[in-house]
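Next come two complexes built around chain A: one with chain B, the other with chain C.
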Partner chain A sequence: MTAAVFFGCTFIAFGPAISLFLFTIARDPLRVIFLIAGAFFWLVSLLLASLVWFISVQISNKDSATQQKGLLIFGVVLSVLLQETFRFAYYKLLKKANEGLLTLSQEETMPISIRQLAYVSGLGFGFMSGAFSVVNILADSVGPGTVGIHGDSQHYFLSSAFMTLAIILLHMFWGIVFFDACEKQRWWAVAAVVISHLTVSCLTFQNPEYVGSLVPTYVILFLMGVWAFYSAGGSLRNLKLCITCKDRDFLLANHRPR
Partner chain B sequence: MNASDSDEDSYNERTALVPAEAPALPSYTPAPDPDPPNQTTAKRPAASRQAGPVAGDSGSGGHGDSAGSSGRGSDQDADADEEELTLKYGAKHVIMLFIPVTLCMVVVVATIKSVSFYSEKTDQQLIYTPFTENTASVGRRLLNSVLNTIIMISVIVVMTVFLVVLYKYRCYKFIHGWLILSSLMLLFWFSFMYLGEVFKTYNVAVDYPTVAVVIWNFGGVGMICIHWKGPLALQQAYLILISALMALVFIKYLPEWSAWVILGAISVYDLVAVLSPKGPLRMLVETAQERNEPIFPALIYSSAMMWTVGMASPADAQRSGHETDEEAEQSGRGAEPESRQPRPFTDSELEEDRGVKLGLGDFIFYSVLVGKAAATGGDWNTTLACFVAILIGLCLTLLLLAIFKKALPALPISITFGLVFYFSTDFLVQPFMDNLAANQFYI
Partner chain C sequence: AATARSSGRASGQIRKRIGSYFSFAGVGCNSVEKKIYVHLNYTVPCVRLLNATHQIGCQSHLSGNVGVLHVLESEENVDWVLRSGPNPPYLVILESPLFTRSIMMKLKNGSSRVAGVAVVAPSANPLEGVSPHTTCPNENTGVYTENYDPSLAHCNVTVWNPLGSGLSYEQFDFPIFSLKDDNDTQVIRQCYMDHNRAVNGSTPQYPLCAMQLYSHMSAVTDTATCMRRNDINFSISPEMVCDPLGDYNVWASTRPINNTAKGHKMWESVVIAAARLDSRSFFFEVAPGAESGVSGFVTLLAAAHALRNATQEAPPNRTILYTFFQGETFDYIGSSRMVYDMQNNNFAVDLDNVHSVLEIGQVGLRADSRLWLHSDPVSRKNDSVNVRKLIESLQTAAKGLNVSVNEPGFSQPLPPSSFQRFLRARPIPGVVIEDHQSAFTNRFYESMYDNAEYLNISYPPNLTPEEQLVFVTDTAKVLLLIANIHHVHVLLNQLYKASPRLPSDSLFNMFSVPQVTRMLYGFLIRSNNSWFQQRIPPDFMSHLTDRPTNFYVGVAQQRSELTHLVQYLLANLTGSTANISQDNCQNQREDEKDKESKHMYSYVWVQGAAPPNSTKREGFCVRSTVRLSKALSPAFDLRDYTSKNYSTWTESRWKSIKGRIFLVASHDLEVNFPFTPQRQHMECRFNLHLCFMNFLRFLLTMNWLCTHCRKSGKLDAGIHCSFLE
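Presenting the complex of A and B:
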């Protein structure tokens, strides 16, 4: 447990998210605001879930370990469902705000599109979720200590960091797919997002059997990533054009010579 | 020995947000309306924490856009463009406040977490909070903290009324002297203490002559930047630093429960003082508006940027440039035009962005809340939750400012959210997250 572990785990967990933030969101104040609002919505959902869990713990038998574990699992499931509910609530709020602005300005152009909002809000959820999961662990990793001295797994920090990375990116993909599905009224896609979130959370019940939880999580991450790419309007053709720098629309929009 | 008191008058500031006067929006005019852009509510005396006005100017954005098309004089088009630009400029102003508030909080939290001096329990207390909290029973402790709060808030009220009276009777020299004295104390004495504690924490041996030179330079440049002229970024940095220093003093010397009750009470006071018709702060704003002058710009955080619109004459440029530059007016000599280099005039209209202002009192109390969250218990989740809550509160306040376009208090919404999230995260979320982390469950 040294500075190396601390910095390594921090960069693993937050590296991609922070670079996404720096390169795509930081320049535009509107996106930053919606990111922070997304983080706030996630926080409120966590608050409600914790409230319910806390009350249930108070009225339960505190000595029985199995009961406490059962309550914790119940808390996890409830929290996931509440998070998705708040994602939907955020979607509704953004739609209302968008419509209000549209009628006010009587123009076709909006300063920020619903797809950008999907991306930004998903990332906001992800940031907050990742931060709450891992920041205390990172703070502990700076100090002295021995990992797993009582026989627990020695890979605690590393696996936490990788899991956090997966969760942050997953939230971003879930946001994109969710908003797109709500736009097109495809409720099966919404259900799929909720189910995949539940799956990922329930997979972590197997920890510290990290193979059983991390590998499927990354598989789901990859699949959701592909799905989000397609629902955001990407395609193989776009990808090819982008990589070979031949996409004229993109270059024009960014004023770059070919 | 109690900490010196003239600094402690700092919290007597108003925390208020005031919009700028939106200039009239004709389709094409050569010069913007040079009304005083910064309606500042009264400043409190003494140490740096002043509540200030925030001038959220969104109207000027539309000017630049609609002026290009001289044919479309219709209000609808102007409104349409204004709305879109209002949203963009509104968002930009929000970010221009998010960044300094975040920086101040980061400085305070970093100090609290590393320098243990500021989170150690101490028996010294400010003279404004004479009742101790080391009592046996919970009820007695609560009573003591409420009494402390009452004393503190009454001191604040008295100071504010005193300031309003001074301002009404035009005792500008007295006020300026008071401000200079308090920023002197902050920049020299408190930063010396801070430096000493940092050296102690990291076990660095530094000799007195070095420290004297460092503090002298730091304080001297700070005084010049804040009270006279200096690069905007440097002035902003100094204001953030002195807000952080003041917040650290509060975190150290206010007893636990008193601090929370004081935070709640001062939000209520802020609400009352700015919005009620007989509130001292409102009277100050109105007096300043009548006299058409900005109030005590020295202790308000300003992010003003200024690009002149293409103007017909250099005189206009100078006049408008002077109006929006706070530093020009800080010399206390009123509306004395200073010579400015004429800006290059182009035919294309540039937008004039007056930036936003936020009182230093807001910075201080936000940082006190987040710092207390960081100090009590080693928990980062609570700190993060308070941080997000305060930012969202600030965002909502600025939204209200854009809607109502009048002086608004900046504390109530943010502090309410912050307090709610602090207590709920500390009592409800923390056990939940701890259990999850122990089992490595992820939600």
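Presenting the complex of A and C:
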């Protein structure tokens, strides 16, 4: 309802992601390209999943509530599996592309590391997933009314925005862990990512008990964040150095002449 | 586009509280918007009408008016809305007993805190009279002006509509809608009870129940302004903002008159039998018009039918012209146009041919079983105007039928009637038959309560529509009686002088009561009935509805259902069956070579009835003298939009009329996309400040840039950089 809610929810959902984009990705054109390609891959996975779901709903019995509910669960699981499949496919594509880029470019080192690719592609997946989650809700939040006249919870807009924020960040962490696991052939880590994605998606069936769906999601977000930090090469020592601005490698690498 | 019906999507039902964790009801029907809004199905707005000097009616903002719901309990409760309520603006829900002038004027004066009004129409008529029309209808366009007779002008002698509150002619800055007392309204009341009620004097807590009404009208100020804006041709698809009111008059004659040769007809002396068709109410297209319109013209239709048989046996020497005028409610659109056409030789006869006028006004109520014959005192003083003879013959006719018919007994002007426009042109003898001696007996003049219930047209319960159609109500008998008087009077006047031999059967020929019954049923209860269906052409079938006919005159481009119905009924009742093929009939000719009949007659192919053992209707051709004549005010032909002589009423155009209810959750009720004008003045000031600050900042920046560039040598030293100077 009204501009305040619209802007508030938009910034809640997309704020961290946009700031990550602006500060770490926007300067490097190669990263931007891979981000958009990642978003596209997510989109294709959604297209396939929705095609299957649409057909199955048309041939199902529309009046039976249990059948529809079962169909919904099936749809969610299928969508998650397809997304992870496409993440894997994107990983394979990026590996091939990287080799190609290396042969083309003049320099000896790769222009973009696989870790950066993992981060960027995860964020791309997150952007697109967040957009599809929340844009239609934002469009309706602009009008004068709020949810509730039929008895639904009033926190609909706010909790949708927070959920979207969690999903975007989660996609980013999943990307990092997934690519790292694929690099090191640790298939149990890949399975863990898939299972945590399934868990988060199925937690949304708790809605409108928003506490029951948001709190576990954020717990999983925190845990995945820590795991991604460690798999990206971070450690407590690095963190301390970075925070106190004593990390010489980082400072040298990011120093830009005026 | 001008008279779009109410729109509104179909979700009006409350769903049960969704407690389970599974909130998906099915494929594709779960949308966020459905969670938020409940759209109103039945929305009847009040629209804006304009004339030469004023605009009347209601207006909403372009993006709809949003207001917190408040169900008004009493007149004192208006104080909550106007002063003490903490969450303005309010959208007031009124039950119909509270829809009075005093409350509406208070709301109008406090319109910064009032977002709109919704009136719940009751299912039964109120006990005391309510009329939103003015006390002196059509006072400026009748015959009683300062020039004619100042003592009779402006209802100095008799106030015709004493119960009139004049609400229909006020201008409101907020939308006013009418709601039916049904499930949707119950949802609204329940929403108010759940969320908005102040308990024990405490302020109600958010979230509050609110409603948004859209009825933005494009036209403003007056007719001249909106017609001027109509003519602006900037784009390929120019936008019209208003349309003149009007329709077609229906007329027929007992003897065929050449309609193609306009102007004066030699040796033709015509008696005009007039009645009025239209009516109105405060809300758009709600105009049941039972006593004010239907009683008059149904009587005239019945009389026309009776006279058909009589005049065929013994043709009179004067032709009777039955005329049904449209648009009389709005300053006599139809009759002023006919008089204008007669004066300009644009009509089949002209004013010299008119011998007298007999008008049937409101005759449905007949309190204490008397009828009154009104005439104009000013023209009666003139000896050449022989009203005396008319009145005497009417009284003689009535005696034979045991009905009491009197003159008012004192010098009283004519009530508002189409005859006044004829008198404005020249003095003609004429009489207006009414059921009231001085002020109207109609307590619901031009209001939404002037319906079948008011005329006591009630049927025993458990009758099917077909049985109701043939059930003879008392009102039918009443109107029959009046029609008989008219019929008899005309016969006496015309036939007795002409030929000494009178067929006595026709004098007391009680023509069928069922005719009047069926007409009353069709116009007041349900126009989609078998009797009407047999008398209309096949392509008009889809226009018949299951509701009472709407008597609002509407804009001139749209011919209303009523005009068509009266035209076809009159053709059936005064015409005769012609043995012509459908093709010839629809081409207005007797056979392939005929080119003359269309000047004298008009032909209509009606679909007829289906024989008992078949479903296909057997149509036939009806030959009659029924014609349509345009009823658009002469002011629009003359392009004199500020005319004081003719009606200048126009109806504004609009884009969408809808309403919806929802919850609002914070104080930022007004901060919408785009900013609603409730806070517009604040935004305007705020923006002005911003503008000014930015301009100052721009100046300072330019100043600094200039001095900096000059100091660093990039700009010539001689340049003056003081922009602030």
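One rule holds for everything that comes next: the second predicted complex is superposed on the first by the 249 of 258 C-alpha atoms of A that agree within 3 Å, B and C clash if a C-alpha of one lies under 4 Å from a C-alpha of the other, contacts with A are read in each partner's own complex, and residues count from 1 in each chain.
FYI, a residue touches a chain if its C-beta (ideal position, glycine included) is under 8 Å from a C-beta of that chain, and two chains touch if they have at least 3 such contacts.
Predicted, not measured: the structure shown is a model, and the values here were computed from it.
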item	value
Clash-or-fit label for the pair chain B, chain C on chain A	fit
In the superposition, chain B vs chain C on chain A residues touched	B
Touching partner for A:Y156 - first (chain B), second (chain C), both, neither	both
Partner chain(s) touched by A:G148 [first = chain B, second = chain C, both, neither]	second
Superposed model, angle subtended at chain A by chain C and chain B (C-alpha, nearest 10 degrees)	70
Which superposed partner A:G70 touches (first chain B, second chain C, both, neither)	neither
Touched partner set for A:P111, first chain B, second chain C, both or neither	first
Touched partner set for A:N136, first chain B, second chain C, both or neither	both
Which superposed partner A:V200 touches (first chain B, second chain C, both, neither)	first
Touching partner for A:E209 - first (chain B), second (chain C), both, neither	second
Touched partner set for A:G234, first chain B, second chain C, both or neither	neither
Contacts of A:G100 with chain B and chain C, given as first, second, both or neither	neither
Nearest Cα pair across chain B and chain C, whole Å	5
On chain A, positions contacted by chain B and by chain C	57, 68-69, 72, 136-137, 156, 205, 207-208
Touching residues (chain side chain A, partner chain C) in the complex	1-4, 57, 62, 68-69, 72, 136-137, 140, 142-152, 154, 156, 205-209
Chain A partner contacts - residues on chain B that touch it in the complex	76, 79-80, 83-84, 87-88, 91-92, 94-95, 98, 378-381, 384-385, 388-389, 391-392, 395, 421, 424-425, 427-429, 431-433, 435-437, 439-443
Residues of chain C that touch chain A when the two form their complex	14-18, 21-24, 26-27, 31-33, 35-38, 66, 191, 207, 209-210, 212, 660-666, 668-669, 671-673
Residues of chain A touching chain B in the complex	29-30, 32-33, 36-37, 39-40, 43, 46-47, 49-51, 53-54, 57, 68-69, 72-73, 75-76, 79-80, 83, 101, 104-107, 109, 111, 128-129, 131-133, 135-137, 139, 156, 159-160, 163-164, 167, 200-201, 204-205, 207-208
